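Next come two complexes, and both contain chain A; in the first it sits with chain B, in the second with chain C.
Up next, the complex of A and B:
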């Protein structure tokens, strides 16, 4: 039965309270541990299609008469168009339509960042469109760009008001401390650089606009595009069958979709707007840079008395200020906490959600700070963390729906015990060391989300829901959940997703929410179908429903009877069993979070500044694990992306003009396979007893969160150098080593220097 | 415009840094292969890194360059004539190398840039093999003449912003390599594979004499006359760390050359 409730909804750490219609979640959770299909490692059910090139991505969509769009982008960070003459562009060969500022809300004559869209062309080929744009006659009036985030805050250039969160009395907490560490940490701008560039194909079919798009949220695109175009939402169909990564940068339609839609409307033909790799590096969002001025205090027994953070997020020309202070508020049982977050508005490309936005950056600062404080108190970093364990949410006193971080720490102990052995590997200029860092994040998902199931005479089940698999393996996980509930082998379950026209509403795939939002809906739909199968079987075999269940493709009775499920479904002929399910409510009055700890082993060449990550152990608590194979692949991906963030990736701007200097993959240095260390994944795999019929949380974001701090702490362990700035490039590593040498020689000086 | 492996030329054309109406396939005109101290300029880096007759320094420089796909296509002749990765030059800032007034990198972001020969243009030469061939005292044989590899390169001047001494239309055909007693290439980069050198140190010992070539530290491959020459480097604020790296790698390279 549907219920109207008032509930908190969370996406990427943003909470809103709203009325919501939810269905009851009447199912009991499965027993903990690996089941028949759920909890068993499953290769991706679409792996072969992907490997064979049969999977259809947005980049593969070819429609008859399709035109190709190219976008004229501002070469300047801050400028005003004084002249835009598109006469020669319009007359160029193959050009079908040209739009400029005023023709679409995403085109601007006063761009505020390098790469802002100004005009667009639809032509017979992409090459013709690009050549036509080169003929545009453009004059600019330039202004000095605002690039310094601290200066922006001082001038009041902000994307939003400062967020201040406070508990206890921070000054008292600092004064009660026996040791205080104050330090400034900085993190750089990094880019998503998804394998599949941002793109959309818009095609009018009758009075319906079909949008083929690489997206993390089919329904969000549908509603945004409908609103922008003044269409009823059901006149917009959104399709995303396969998707090549988004990491938060594809949560909304993006300007390319609006450009393609407007050009399609004007030409009456399908239009593709696909960004180039250069455009990916300019104008599709980024993880914003941060400046973090932090302080932590603790008593000599290791009790944290104060955590204070002033965070400046360098947002860009537009965007939102992520919760960089979130980890400081949530991770430790500290009574006195004060967090201030500023979002600086700058003449730089806008930020976008990027895999645990805010928390990745904030965890780097916080978890390095905690290690520096532990060192000052001469406490073991793991012991120090356990001593300040938060048993409930201190932000508002709510209990956690589940928290097994202590179990993560316990499992970390045997790995942590290796550190003497690791340090002993040091030889010549190579210094070895170990570090760890904890992780907290959201990832509980929420309603609404729906799924349908249909079962035909052949006893194959099809899950139908208009969700998207963004490359994380959601398709396989949903099939496993349905197979488990229906007692069917995995290969008898199909998943039909990726099309708003053929399935019910489904959650965004962001905020580690796909499994916890969609999984319970799929299970509920499967349970609905199972109930109907059992009803029919009970009548067929003259047994009570309560003695029947489904297992291994059979209907089994409590007294030992067993019949292939086809015996029942065969009775359907052309009929179908239809199940429907919905995601139930989140537990009321509880905080649902994910937790974990990572341990890094590194080697540093103290002469050349080379940092080598040798091994990372990732231990996370995300409730029940649906597919251990898929889960370990999520963990590995997060860690590899985290290593890039830590060591080599940085979007660089010219400090005078604000022009993006790193536009290609030789300049913007993602890690390669040679940079990938040994990765050990351990998942606690205990269902969250309060969270849905599955007890599963999301795992997309947690693994990237602690990686940079774990590596930085390992570097400090190996070398004594405080690395406080990402990326830890050669120059940053050598700078930190020099600073450490100078500090220790300064300390030595008063003893040796003659009195004068 | 002559086309060999295409790994350099095609991206330059795509980025509008080279304009060409016609590409002339060089495969028939330029020798490819290795024999007795001579390398055809059309030999790929992949072929060089695998050939036991090639001195260690050149094999290691080739193996450390780019990716296997690029090395399978890219030729040694083309590699020697690579354009800089300087982002200002690549993004067509009106910089000194493009004929402009000043070097934009000097006052801008220049972490990948030069510590030698950087007064007018601070770009860094990206070739690993060029430093190796410099250390080896290789001779360049063109369709018109033969000369030491060191003379292939020149720093840009107000009158000529080019970085090589080739005449218009002149083609590198072969390289002649003396055989060193020992040689080695050490490379520092931003990740473990597929990156241009921040600093590459090539060293080759011929009897008692050792020659050192550096990659990634000057607008051209840099012949280091002596270890002390490092004291005369002119690093920019953002490239001072490269000098630290060079100071660390050079003794390691020399140690590797010592007779066992």
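Up next, the complex of A and C:
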């Protein structure tokens, strides 16, 4: 019977309550540890298609009669159109349609950031569209852009009200401390730069709009587009079979989808709107810069008494203010905490979610602060963290559904014990050191999410669900889960995904939620099909259902009987066994979080400021691991993005005009293969006993969170310098070293002049 | 008119002046395995081989390659590197992967047992935003296994 229940759901730290329908009995979790398929390393089931260049990405869609759009973007950070004459643009060769402000809600005559869309052209080729745009006659009236986040807050220019979170009495906590550290940390604006540029192809067929799009959320695009265009949701079909990276920047339809849809409606032809790399670096979102004014206090025995943070998120012209103070609230058992977050509205390109938004930035500040405090108290940083371990969630007094951070710390100990040996490698200008940092994040996923399974006469199974695989390997993980439940070898399971017309609703691939949201639905669907197979087999072989199970492609009975599954499914000829499953509720009254610790070994050339990361050890607790091979790839990828964030990546603006200076992959420094250190990955791999029929949490975001603080703490260990500003360029490194030298030489000076 | 040799086949087509090799391969000949991620020669996703040498097809004019042998990922589908990339999990989203394999194939052709440093030098022009680098390294070091 279908039961209506209410459950709590979280995406990127935002909690909502929602109704869900549960109509099957909850399955018991599998026993912990590696199973037949789940927990075993598996190469990607779509790896060959991707590696051979056969996978069709949105960028590869070519429809008959398709036109190409180009977008006129504001060259100014804050301006008003005084004249827009598109006559010459319309008359240019190959042009089929031109739209401007007033023709689409995403085109503006008063742009508030460099790169804001103003007008668009559809032409026979992308080149013709671009050439036509160059003929637009445009006059602007410029205004001084607001670029300083502190000034914006002082003037009340905010994207939302300040968020204040408080427990205990922060002033009392600071007064009870034997040592207090106060410091300001800053982080830079970072760009996603996924390699497949943001794009959509829109094609109208009668009253139905098909949107081929590189997206992290097929259903979100469907609903947003339908709502904006006033269509019933099922009149919008969204397709994304292969997807070339998003990292949070492809959670919604984006302006390009609306531009393509409008141009397609007007021309009656399919229209592609694809951004160039330079547009990617302007107008597809970013990890916003932050200013963090932090204080921490502790007693001499290492008990934290106070954590205080004022966070200014430099959001941009629009966007949302991520929880930069979240780690400060969640990571430690501190009774007195006060967090204030501001989201500054500026004349800069809007932010977007970027792999653990807020927590990456906030963990840099918090975990450097904790190390500075430990140093002041002359305590070991790892011991200091273990002493302030949070056994329950102190934000609202809930138990954790599972937490194995202490086990992560224990596993870190042998690596941490190397630090004397690492420091002893220092020679000449190269100073070596080690640092660590902890990680906390969400990643429990939630309902609703659904999957279907069909099994044919050949006893091959197909998982059908309209989810997307953004490159994280979710297609493979879903196949492993279905194979495990059905007792089938992995090569007999296919996964059909990527099309809203071809399967049920599926979760967003963001917030580390794909596996914890989709995995349980796939397992439930497989269990439904398995139940039917066993019922049929019991009738066929005159056995009781309870003595039958599925293993290695066979129906197996407790008394030793074994029959290939094809014997049963083969009876059906063209008939199919159909299973369906849904993601069940989240555990009531519990907090589901992911945890981890990373240790960094670095070398710093104190003469040139060059920082080299030699080794990162990553130990994370995300519940049960479905595919250890894919999981280690996720960890490595997160760490490498974290290294870019720490050392080289920065979007630069002209400080007077607000114009974006770093628009190419030459100017914006992504890590290359030559920048990669040795990476050691360990996953605790213990199922969360309270979370779903799998006990799995998400792993996409956790690995990027502690990397920058671990590296900065290792730099302090190596050189004594406090690096508090990202990226740690050579210039910043040399500045921090100079500051340290000046501080120690001041200390060395006698307080009073010696008597002569 | 331009005459092209791609993956052993011959093609005659008309291309406007200024058309790039990447545009021709993808849009005229249907070799969409070659990806364009930056369009200005900074990322390596569009790498093809010209007479065996890795080249950036997004900044190569199609009229300059007449008479030369163009090899795209479609011409390397049975190369052992394809399997070693899949086996090592040396790809995530896969958008840079064809370019990585085309570069790596030229490397191992010239130097079947590259050292880690040689490999890093040869592959540093192929960006991967997902960060598959450790496994790309492993895939190239184990390509003959």
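Everything that follows uses one rule, which is that the second predicted complex is superposed on the first by the 740 of 756 C-alpha atoms of A that agree within 3 Å, B and C clash if a C-alpha of one lies under 4 Å from a C-alpha of the other, contacts with A are read in each partner's own complex, and residues count from 1 in each chain.
Simple rule for what comes next: a contact is a pair of C-beta atoms (placed from the backbone, for glycine too) under 8 Å apart; a residue touches a chain by one contact, two chains touch by 3 or more.
Predicted model, so just to flag it, every value in this text is computed and none were measured.
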- Query: With both structures lined up on chain A, is it a clash or a fit for chain B and chain C?
  - Reply: fit
- Who does A:640 touch here: chain B (first), chain C (second), both, or neither? second
- Task: State whether A:56 touches chain B only (first), chain C only (second), both chains, or neither.
- Result: second
- Residues of chain A touched: more by chain B or chain C? C
- Task: Mind working out whether A:672 is in touch with chain B, chain C, both or neither, as first, second, both or neither?
- Result: both
- Of the partners chain B and chain C, which touch A:680 in the superposed model: first, second, both, neither? neither
- First, second, both or neither for A:162, with chain B first and chain C second: neither
- Item | Contacts of A:536 with chain B and chain C, given as first, second, both or neither | neither
- Query: Rounded to a whole Å, what is the shortest Cα gap between chain B and chain C in the overlaid structures?
  - Reply: 5
- Set of chain A residues, in rising order, touched by both chain B and chain C: 664, 666, 671-674
- Residue set of chain B touching chain A in the complex reads 85, 87-88, 90-91, 104, 107-109, 111, 188, 190-196, 198, 238, 240-241, 244-245, 248-249
- Residues of chain A defined as touching chain C within the complex: 43-44, 46-48, 50-57, 59-60, 62, 127, 192-197, 242-245, 247, 276-277, 470-473, 629-630, 632-634, 636-641, 664-666, 670-674, 676, 679
- Contacting residues of chain A [partner chain B, same complex]: 429, 605, 607-610, 612, 647-648, 652-656, 659, 661-664, 666-667, 669, 671-675, 729-731, 734-735
- How about chain C: which of its residues touch chain A in the complex? 18, 26-27, 31-40, 42-43, 45, 72-74, 77, 82, 85-87, 89, 91-98, 101, 119-121, 123-137
